[in-house]
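Multiple structures follow.
The same subunit A turns up in both complexes below, where it pairs with subunit B and then with subunit C.
Coming up: the complex of A and B.
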């Protein structure tokens, strides 16, 4: 027994050593080989491999669909983190001069920031301008600068109000159409059940885009910026519209009519699924998000348009939404542009996955305006045709510029909101403080700031 | 040197001259040839030594010296989003020490340390004295239990505490709810530093206790016997004998703790997503440096902040060692 076992164990050991050294050699070779760019391409025949970073739900199937329908280009997908986690990695790789993917998923607000550090390829040089008519106008404007195309829009985040129909019925609440009504109903709900809140006020960094979307709806346009007009930038974060929004929510917080839990925490998900929150002010990607974090509340939610500041108004805002960009480190600009344009693009097959399984809100006009999308019934929302709310909301979104230092802006806003929550500063002072800090930061960074 | 300082030059001079004479005597007495042979053996030894430390030296240069030099070079340049970058000598450092984000962060970790370090080291010392005195099975269990948190990776520990602090799921909140004391927001502004201090204390008390316990175990037992004969009780023995005798170990743990506190990063970084309106990007100096580099792409300024923090740590620990030089055994 032992004599037969001994050689086996020795050969196992030998194989292990060989495997380890082979792996080490592989690592070393890879380290040497990836000097410039992602190193994912092949020189000879065979398809070009394009590395993509994205965090869309159900993205695996979209990639499989792309690889099935393309012969010369193949996509290698990596989930490199959601939002800020991915951007941190991307910025580090861009600074390091290597390690960035060919194609990267970016939210719209992040585009000018990455573009300013020369991290994005101008896809306009590779024919991307041909897609201009395929996308919603405001989205294309955010993704491009004249003839320069820095991103291909994918999904959007027109805002709307999701609410628990069962709780509204139980407490005899009326679906609010204005923010004044929203506050009245919030008071009614909290009086009926002190443990329930109308919603959760997003006070953290992941909700900075939420707060921005709400001021967007109120008519605030904080930045005037175009990469082609550097170093000029307009910064106006403290106009009356923005102040109106912060004072309104500050009032709700002070009266304890809304909760102040950070978004993207288990406590927040718990609030959504236990009925602690009666409404969730969310965006076009919200249905997918909600149905994954609050699965057990399926069928109880409905969608209504965002409450308005003036009765009968039609002012809309956007929160999030994303696009595909090609990084400046790519060694295959042509193929990478093709991937960015066609992963979703106007492909019916890809969008069927995007709509049915990932609940994305398409920004490609043929898909957006298709009967299939408009009339689709969602079981999670009790069979409601929710896109009859979201599509008009998306159509009401106007032009909007982001700053090229959006992370700093969001962090500053979050810090100041935190101070107001704590009672250190008045809610009415938040916008002025943010404005001061951001204008001085921008000036220090070499911008010519007009207020 | 230490002899000189303690006894004064007059008494110190004779022994030192004796020692040098003693060393030199055989050298002068021996022949020239023998001396050469010894020297070549010496150089051969030296060459061998150099060869043996080469692997370490290379890694040390590649992973410590080179990155530090690169970071220092970065910190001497200024880059802005629009203006491009240029060499600016010490402008970044000048900015660092007038930057309210940096100074408030330093102030915060100092305040944190003033409360947390005495509490933690006090507990560690108490624990060490107890397990040194009691030698039962229970003491072993106690020692293991206190040490266990140190074996938990800091990130996991902080995540776990994040859940315990949760206003919805956390036991603390359920308890205060049951007692009718209302909502206790452990992740709110007023209690955040306390909550962080609790995590750090939980994680590091056991480690420090083991260091102090090891020092206590190294003490000669006769001293205790003598103390006992002199009529000292257990508490007196602990306070008058044990604590003074392990003071150098205490200085060591205190030193490491001070350095760790000034570089406070992991726990606030992990709790940041749960409470980002409380843990701002400039909450601690290290967190600020991290966010500057990887969120705002201000690598140059971030490098300057890191070096400034390094300077603060260096000066802080030097001052501490200087103040504690009599106790530390590092005279």
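Coming up: the complex of A and C.
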């Protein structure tokens, strides 16, 4: 979204209106009862109020828990928007120089983009490095740059394979442990029932993170980036590992062994709940998602580890996850850092809400590796202790850098995959095309790109 | 915003033979029926989908009812979810649309009347820039407007949505054309000769004549604000101030990408259905003014 436009006659007139209204503002604001303004914190006595933007489900109780256990710092939470909506607002507020909250929820892949505009506070100066050992390594690395800490990890999405145990039994399928086996079983299934598919290939924008997670597992590391080494960035989206993944799925698509519905559509949910899809390659937050969009299939699903590229391997990938950052506009860096560190942090009370009601997948190691989490049985999965699959997956994920132009990268990838899907380009050319477009984009943006 | 005002086929040119004229009429009617189906189909889907629970939504036929009883459960959930935030959003939308609609109509009336009936230096320049402003999509101005309003600390307040909506260049244009066409100078002169001041002339002589145009401008501005999405999305950071459009979007996004603990699809659908009811009512009640007003612009 381009944002700097020359003022038009209309906006000039608007300036006049804005100026007039400024005079009235004092009177009118009260009448409007809006509770707006910057509002974060009082300098006198009493607790410091920290404004937080977040969209976690069931977050209200987590905030209540924090406010109950903290005397000097209180959290004022608003849901300013979900995902891109929140980022749009945050970027606008950062550009305007005011209006951003003290603490903001950001997905991992968005961190470098926001950090690049100097929008995030380095929490390392306020003691956040002490938390380093509390989080799984790859997540902490995504949230920090050496001793600079730009975010505190909250939840993640280690990937695994959910499958319909009833369908597997009906068609006599074997739970695949490698991608080669996965393809064999897909062929068997489709032969037995031409209307059924092994899964749905996520080809749309909402599944860009899904595709990235799969190449992550395969060992692809498309970006080599850290804020302290700017303007240098390494971009390698077309290495053999990434190509292997796209050619594999392209082959499944061509042989009609997987469906190609967009992920965020009714047809996709329909497929999950009617048995059209026998597996769903999902993430640690997927159980909550699946049990809410395909409630009537309760008891029929099970979870197995992500199929591997080499038999007996233990390579994992991640799809999704989020963190708390402190914005550079905060007036209370110390207290805001405290909020980011402790809202979830390693608090048992907060995580009980997060795990049981919000289906968040914890990245805090004390919670992640706790007996409570590992032994929890899920009725939707026929009583299976599914975290016995997800927890080792989370611990097996390798470090991975995001780019500071991730929205563009996801966009490009989605449109190239779309072309391959329609047969306009070969699947083997997708990665090279994406590489070309992203390196030239990055160079135009002023990065020093090494391939 | 579809007004679904398919122009009635004007009297067909007298055809040489009756059969071809009959065939033409059949074609025209068939096209119209197809258009009606095309416009009503999404609405029908919305009505049907609002009667389904989350599971039925994704696993039953899209265009027919499954469990009509679920409609009331959906409504009940809609109005109570998260302490009834839907009702609050609806109230916000009513305030935004109402205040902006009335305000925009007032501004458009004064400005349009002045453009049509007064001669003052810079009139043509101002009017040309007004015409230019019609061409600029409001969405493109949302970010600059944010930067301006943030200078006077009005972002994240109700005024951030209301103030930019008060200016409706198309409304000004509409009123000007209408005044020129339907309000003779002689009438205003007569009133002035009788001793009426300028405000009195506007209020007692001009306004009654302008009613159809004003209702049109009112409806356009209200519907415009009611449906406005990007401006409030950028301006408002507080879910207590959201209008329906932004609120429903936040539910929808929540259902899509949240961990899934909330499957709000049914609420989004029921909420969308309820959200358009006021517009349908407004349209039905005021449609004769609306139709009258729509043709105003085409007079010249």
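Throughout what follows, the second predicted complex is superposed on the first by the 412 of 451 C-alpha atoms of A that agree within 3 Å, B and C clash if a C-alpha of one lies under 4 Å from a C-alpha of the other, contacts with A are read in each partner's own complex, and residues count from 1 in each chain.
Everything below uses one rule, namely that contacts are C-beta pairs under 8 Å (C-beta built on N, C-alpha and C of every residue); 3 or more make two chains touch, one makes a residue touch a chain.
Bear in mind that the values here come from a model prediction, so they are computed numbers and not experimental data.
In the superposition on chain A, A:206 makes contact with both subunit B and subunit C.
Counting the residues of subunit A that each partner touches, subunit B and subunit C differ, and the larger count belongs to C.
Of the two partner chains placed by superposition, A:227 touches none, neither subunit B nor subunit C.
By the touch criterion defined above, A:298 lies against neither subunit B nor subunit C after alignment on the C-alpha atoms of chain A.
In the superposition on chain A, A:449 makes contact with neither subunit B nor subunit C. In the overlay built on the shared chain, the residue A:270 is in contact with subunit B and with subunit C. Using the contact criterion defined above for the overlaid structures, shared-chain residue A:408 touches subunit B, although it does not reach subunit C. Residue contacts after overlaying the shared chain place A:261 against subunit B, while subunit C stays out of touching range. Of the two partner chains placed by the overlay, only subunit C lies in contact with A:78; subunit B stays clear of it.
Overlap of the subunit B and subunit C contact sets on subunit A: residues 84, 88, 92, 95, 206, 264, 266, 270.
Residues of subunit A touching subunit C in their complex: 1, 3, 5, 7-11, 13-15, 17-19, 21-22, 25, 28-29, 32, 34-38, 53, 55-58, 78-85, 88-89, 92-93, 95-99, 101, 155, 206, 264, 266, 269-270, 272-274, 285-286, 288-296, 320, 357-361. Here subunit A touches subunit B in the complex through residues 84, 87-88, 91-92, 95, 113, 116-117, 203-206, 230-231, 261-262, 264-267, 270-271, 404-405, 407-408, 411, 414-415, 417-418, 421-422, 444-447, going by the rule given at the top.
The part of subunit B that touches subunit A in the complex is made up of residues 80-83, 163, 166-169, 188-190, 273-278, 280-281, 291, 294-297, 299.
Residues of subunit C that touch subunit A in their complex: 54-55, 57-59, 62, 129-130, 132-133, 136, 140-141, 143-159, 163-164, 166-167, 169, 233-234, 237-241, 246, 249-250, 253-254, 256-263, 265.
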